[in-house]
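What follows is a set of structures to go through.
In what comes next, chain A is part of two complexes: it sits with chain B in the first one and with chain C in the second one.
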Partner chain A sequence: MKILTSNYITCAVKACKSSTLSFPLHFQDAELVQEEVDFNAEFIVGILPRIEWDALIVTAAELGFTNLPAQKPEPTEEAPLGEQVLKDLHKLLLETQVTEGKLVCGNCQHIYNIHQGIANFLLPNHLV
Partner chain B sequence: MSRPEDTLPPDLFYNDTESYKYTTSSRIKSIQSSMTQRALQLLALTSPSMVLDIGCGSGLSGEHLSSSGHIWVGMDISASMLAIALDRDTDGDLLLADMGQGVPFRPGTFDAAISISALQWLCNADSSEVSATGRLSRFFDGLYSSLKRGGKAVLQFYPKNDVQRTMITSAAVKAGFGAGLLEDDPETKNKKLYLVLTVGAGRGEVVGGAVAGRDVTDVVKGMEGVDVIDERRKGKNGKGKEIKGSKSWILRKKEQGRNKGRAVKGDSKYTGRKRRPVF
Partner chain C sequence: MYPFGEDDPVKCLVYFAQIHETFRRAELDALGELYGINVEWEDYSDNSPFSIIKLASRREARKLVGRSILAKGIYELWGVAPDYNELHKFVRVNTAKMWPSCMGKSFKFYVEAFNGKRSQSEQHRIIEQFAYLGLDGSISMKNPEMTFNVMEEYKNKHVKAPTRVFLGRLLAVGSRHLVDTYDLKKRHYIGTTSMDAELGLITANFALTAPGKIAYDPFVGTGSFLVSCSQFGAYTLGSDIDGRQVRGKKGRSVLSNFKQYGLVSTYLDGFVSDLTNTPLRKTRFLDAIVCDPPYGVREGLRVLGSRDPEKAKEPVVRDGELRYLQDGYIPPKRPYSFLAMLDDILQFAADHLVSGGRLCFWMPTANEDFSQLDIPTHPELEIVSVCVQEFNKWSRRLLTYSRKKGDPIIEQAASRSAEIAEPEKKKVTADELNTFRKKYFEGFRPVS
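Right after this comes the complex of A and B.
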């Protein structure tokens, strides 16, 4: 599972929909792998406004990346983001993947297992 | 051809052997890829986007998304299918999830969504605890919120009959989507139905630099060989909403009587005319 996806995913349990604690899900016992993905600057620029930066910092810290800036890099008219910034983001968001581990909801403590990079989001019927 | 939906739930039907058969069949491969191309054409994405693939299976449709430069996240309920997707080394992120349980993403995350031959599975409730309508509405509600404003979804599906077709489209409209159906090769054995859904964005509203069409009629505008049949502009008394006592109702009833061989007065310009109050 890519870090980018973990910034998108929330707890699937119905009761957690209204809770702010259900996002982001927290990684536990994560095994990481770096996999090369073609760099696409346009995609990163397009995706950046929709990234929840605070959540990304939390997730990254859980996985051992603490070198993120505290503020989201905002491109402006005069100063578009530099290639290096985009490449760093690309490396973190798309190339860093979690292959094994758990995702835990901060609200209901439900555990979603990740196995071979695939998270199991199937729920028993009473939680839907 | 028998319908797999009628035999078993999807997670059980697509076991290792079925998944393998599905993925290696050259016929299914070619149909899937042509449908994915069509769906991509309908999505008309101008820049590399974040796409959700619902019912991604072994990643047959995802391949086309990757080759068009999009990043995708796929969800599927069949573990065997996902295992094959792993073997095939697909680029997308995979989730083992049931679309009938909702779409577990933060609101406004995806640029687009795509689904090839999966939606019809939602019309079956496989245990007494769930209902088909409940699953459909959870799915479309979740999909609606996870797409960004101005986002689009193209969902190809095989409805068993008109009931399923109406059930799926009305669930989509209820969730708030602007919906339209595109039918390829109608009236043939190979007909393909695409449900084209749009989120928000009024006509001509500029979203992310591109003019977002309001609904399917704008989407297919300019495409070759597409006839637009607009069911919305059929007048106030369209199908099913005929008012009792109206002119069309009277004419229909008289026709019915005639067909039954009853003595019915002929129609004239006064038939069904309102009686104004006498001055």
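Right after this comes the complex of A and C.
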């Protein structure tokens, strides 16, 4: 699972949706892989407003990336984001993936497994 | 009468493939919407491959048709008439101003007959009759600067004379070659319900997918829609309740399809989940949702939960360990109604699409019991188009919606889901929940 995707994932349990503890889910025992993909500056610029920055900081820190700015970069017409900032974001959001590990809900503590990069969010009967 | 600058308004002949007729206009309208091009339909019929539209410029014409799957090409319309006499009369008078700009350019002249046939020598005779255009460039079959097409339309295969003849100069060809590129027969990973290449690509056009956008398929299966969306530049995300579908086996998987087509850079992720218990955060971040929901014929229409409402609401422990964490655990699933699923899809779309974002999904129906009323609606979604693919005893429709501007009406959503949740709680069979499935297995006997 890519870091970008994890920014849109919360606990699948309906009762958890209203709790602020259910987002972001927390990576555990994560095996990370970096895989190069084509850089598309336009996509990064476009996706930035749709990213929950505070959650991204938490996720990144849990995976050992602590150099994100505390505030979301806010490009303006006069001051667009520099190439390096975009490339760093690209690297974190699209090139960094968790291939094995767990995602844990901070509210109900339910554990979701990630295997071969594919996370499983199916719930057992008692959580449906 | 015929301004001919690149940025002058232009009347165009669109040459469509004579297939999936009810999708053709909607596809060009979608591409018009995508590029901000106003398409004015002057002449269109499902029975003809030839259609006439007005556009603000030649530039727009090229853009509009460039990635169309159902339009083979778009031409400046030099003339249309019921027979050759009339056509020549018209072309002589009305296009003379264009001729000087054609001088010294290499060219090619084609004759095409719809419902008819022309021998080589007949084609030559037809082409020679346009000698008055005075084209003096060299003839080039491979790489001409201009391509002229004479198109003939015959009522049927038995009549001798065409009912309409056209002369057009090519502006752009469409993207029908992609139908072959994405042919399922050549695809690395497919399944029994993979969407065929042509309709998958058309769906991606209806969804307005484009570079930098995000498209999601909640019933991803083998990923047919996702590769089509990525072909047009979109970043794609997919999930399925059946993990085997996403993972595939022996190296054949949704991911391996992306590899086959060289699109890995735009494949975001595949994950395993039930649409009715989605892990996706309720935020409007998707530009498009494209899917072929399960209708329970070849694949189960199931959601998470036990068939027995009384069953264990406590976590199951086996050998001192939580059962659901053990390898090979498969959570229980229960049958679900197709109509409830449709409502869930619409609500999901309203919750997750950006304003103007599109929901495109396929819906099967038995022919005798479909009426306009059966198109599911949602207060936050506007119906854009309904296109039908007919089969012998059933048909399926591609429904396209656009997410309205503004915030979702939360109260409405809540009351709707309460309504549909209720009857699901009883123990029921798949057939009771799904009239389409029932009819399918009954062979669509007419209701007496």
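Everything that follows uses one rule, which is that the second predicted complex is superposed on the first by the 126 of 128 C-alpha atoms of A that agree within 3 Å, B and C clash if a C-alpha of one lies under 4 Å from a C-alpha of the other, contacts with A are read in each partner's own complex, and residues count from 1 in each chain.
One rule holds for everything that comes next: contacts are C-beta pairs under 8 Å (C-beta built on N, C-alpha and C of every residue); 3 or more make two chains touch, one makes a residue touch a chain.
Keep in mind that this is a model prediction, so the values were computed, not measured.
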Where does A:L89 make contact in the superposed view: on chain B (first), on chain C (second), on both, or on neither? neither
Looking at the overlay, does A:I3 come into contact with chain B only (first), chain C only (second), both, or neither? neither
Who does A:I111 touch here: chain B (first), chain C (second), both, or neither? second
Just chain B (first), just chain C (second), both, or neither: which does A:A60 touch? neither
In the superposed arrangement, does A:F43 touch chain B (first), chain C (second), both or neither? both
Going through chain A, the residues touched by chain B and also by chain C turn out to be 1-2, 4-5, 8-12, 14, 23, 37, 40, 42-43, 46-47, 50, 52, 94, 116-123, 125-126, 128
Touching residues (chain side chain A, partner chain C) in the complex: 1-2, 4-5, 8-14, 17, 23, 37-38, 40, 42-43, 46-47, 50, 52, 94, 111-113, 116-126, 128
Which residues of chain C touch chain A in the complex? 211-212, 214, 235, 237, 239, 241, 243, 246-247, 264-266, 268-274, 277-283, 285, 304-306, 311-316, 323-325, 329, 331-332
Could you list, by residue number, the parts of chain B that touch chain A in their complex? 47-50, 69, 71, 73, 75, 77, 82, 86, 91, 93-98, 101-102, 104-106, 108-111, 127, 129-130, 138, 148, 208
What residues on chain A touch chain B, complex-wise? 1-2, 4-5, 7-12, 14, 23, 37, 40, 42-43, 46-47, 50, 52, 94, 116-123, 125-126, 128
